[in-house]
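One chain, chain A, links the two complexes that follow: it is found with chain B in the first and with chain C in the second.
Take a look at the complex of A and B:
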């Protein structure tokens, strides 16, 4: 029994040493490396002002009350009746993507951006006029390396640079 | 103050004693636990009550939130109950895709449980390894669904996305990786004499007690009860798949870990079968497919990403009652929905596996040593938000 135990201790230590020297690393070195996400990644949402038919389905389906219909000022004054357009509140958004999937004209689209920092609470609210301008561009101190996750038989996951 | 012998009351938590927000009230006599009562409810979020004011589709992300690691099980069980009320049956391809995601989720949920257990008994290596090896699986799920954990992938009538291009290859590579790595897990952790000393014979749950207390999931199977909802009441694509119910006889903390390890191996088997046998065809029910405008229907066929029909925004479900259950990573998830024909359920009951397993804290720790509390806690794969809901 004591022999068996000793062997097992040695095996455990040997396995640890194997991995220590083998360079088996899964860590993504964020933010020096930034991962490129696969197509269809549910990130922040882009809004197409021109194709939107203002049906309001996105606001209706939103489970977190993030997407809401706002009265669009200029248009309402021009048409002399209230025109409503969607706006999004990123303090509430849970990135379920229901609004994108229900939009009948593909006016809402996923982007692959999710890591944006804001200074204030209010900045995270995107009424229609701000929503149409697109998502904020992530800013980096040093331009990061873009990497892609490659699934690997031996290493599990490797991050390879993309051009 | 006299020096008489007396019991000492120790409060563990609720600020993360090890993992999860819950207070354990322990009465100890020296090093022996006399009584340990979990003080649950600290992270109660009233999911059931919220469901009464949310629309049917909006409840999908809601029921996913309580279980961080095991979202698919809740998503699937809820949608199955809604589908029973709607009287629809998803197409076979959707059933297979549901099974695929459920099994990917089961593997990374087990890794999560084992990792937390590892760090609770002081093995940071196990924690790092398990959490690292969750990553390839999460990466797979992300490619399939677009999100890392809260997939919201299963909707009434089918699933939201078809298999991406080249997905089978990637899955196969990850499955081979897990198989290659398993022997090293045994060498460094499961067969490590330190691990064995901490877990073997600790927190023994007998077969009779397991049944009497209504324990569920791997904790039940570790006591030798071959009960699995996937076999007892098959759903999704499970009736067509070949797999075994994993049991262990010992009923101790180590047996509970072993059940999870062997279930990972079983899930690998299931995933391979799913990808081999997956039938072609639509991934959303015909009834809903017809409601999608024709130009979008073409787009759906090209991209494999479902567009919701407009009715999904205000989905009305016929009055009635439905119960659905699913074997999640942690155990049996039950949903009971009562509908009165309006846009929200009249009542939704959500029974999670952690809620049923929490009784074990009191039962298993009696007479154990204080140092065994985390060893038992972790082996149960208990998750407070899931139990509190």
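Take a look at the complex of A and C:
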């Protein structure tokens, strides 16, 4: 029993030493390298103002109450009746994608952008007029290298640069 | 200037203030905490501290951390025992570094030589845990109290076997004088003469300084930071440094007892404290780095597992190591 335990201790230490001397790292050096995401990645949401039929299904299905119908001022005054369009609140959004799935005219689309910082709480709320302008462009100090995560049987995850 | 330098080079100034005393201990603190994080990161396939001085891999991370500790406001809660709360970090750090005065640097360079210097070092190194217990009591916090009591439990389970295994080497060399012990290893090192004692002492050293499998008194995920929970600012910097300094002192003792101290050293260099000191430091440093490596490999033991190890495995092993020493003396015919 004692011998078996000692052997296990030695094995654990040997494994640790192997990794320490192996020199491989799984870390993505984020601001220098950014990952290229696969299609269907659920990032921030784009809104197409023209194809939207204002059905309100997105607001209805939203489990986090992030998507809401706002009264669109100009259109309401034009038509003399309240017109509602969707707006999104990124402080609540859980990026589940229900709104994108349910949209009958594909007016809502996912982008691959998720790394955006906001200065204030209010900036994260996108009423329809702001929602149509699209997502903010991520800003980097210097142009980052684009990499793709590749599964490697020996080493786990590798990052390969993409052109 | 010349006078000042000659005063500093006097052994009784140099030993407590430069090496192995406070200056080297402090520099070691800056290096070893960074190295510990770096080693743990490498084992776990991460980078560790990197962005403070990137070309050197974040080597001055601890300087930045030290500055932060210095300028952070030390918060003293209203309900603590103020005197004990403020005094214990300094006393703990002092008690951890105190044993360095009795550690010789070379056969002729030491603050003082005594027949019982091994006992002095071991006895002084037992002072520090008392302050951890006091700290746990003075903080008036349940986590601190649990941490203090855990430290008490750990102390009773490591102290006896650790001293027995250290003293088994004294039996083997027939002396309690660290200079004589190191000189006796000119030929063959203690670790080869009595490996059982070496392994026992090594494991218990890590236990006594809350290194990783035994990081029980300050178990982060269970009791916040144990006895150190209420501390902040430079007070926390001191208590965190204390266990590293204690490990440093015990590693020096280990290097002298088992790794031949400053041996092998060419005879003509023996009177110059530089080369023996460097050799001794390198040996101690390797021991500390092994301790840092353990952090990445082991999860934390439960307190009963650690006490089990202390009383049921290490105590018998340390008694066996005394018998090994006695048998070797019989075979070799006297120390």
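Just so it is clear, the second predicted complex is superposed on the first by the 149 of 163 C-alpha atoms of A that agree within 3 Å, B and C clash if a C-alpha of one lies under 4 Å from a C-alpha of the other, contacts with A are read in each partner's own complex, and residues count from 1 in each chain.
One rule holds for everything that comes next: a residue touches a chain if its C-beta (ideal position, glycine included) is under 8 Å from a C-beta of that chain, and two chains touch if they have at least 3 such contacts.
It should be emphasised that the depicted structure is a prediction, and the values quoted were computed from it without experimental measurement.
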First (chain B), second (chain C), both or neither touched by A:70: neither
Touched partner set for A:153, first chain B, second chain C, both or neither: first
Touched partner set for A:12, first chain B, second chain C, both or neither: both
Of chain B and chain C, the chain that contacts the larger number of chain A residues: B
Contacts of A:98 with chain B and chain C, given as first, second, both or neither: first
Which of chain B and chain C A:57 touches, first, second, both or neither: first
Chain B versus chain C as contact partner of A:26, first or second or both or neither: both
Contacts on chain A seen with chain B and repeated with chain C across the two complexes: 12, 15-16, 19, 26, 156
Footprint of chain B on chain A - complex, ascending: 5, 8-9, 11-12, 14-16, 18-19, 26, 37-42, 55, 57, 60-64, 94-98, 101-104, 106, 110, 149, 151-157
Chain C - residues contacting chain A, complex: 39, 42-47, 293, 296-298, 313
Residues on chain B engaged by chain A in the complex (per definition of touch): 54-55, 57-62, 125, 132-133, 135-136, 139-140, 142-143, 146-147, 150, 152, 160-161, 164, 170, 173-174, 176-177, 180-181, 184, 187-189, 191-193, 293, 296, 299, 305-308, 310, 312-314
List of chain A residues in touch with chain C within their complex: 2, 12-13, 15-17, 19-20, 23-27, 29, 156
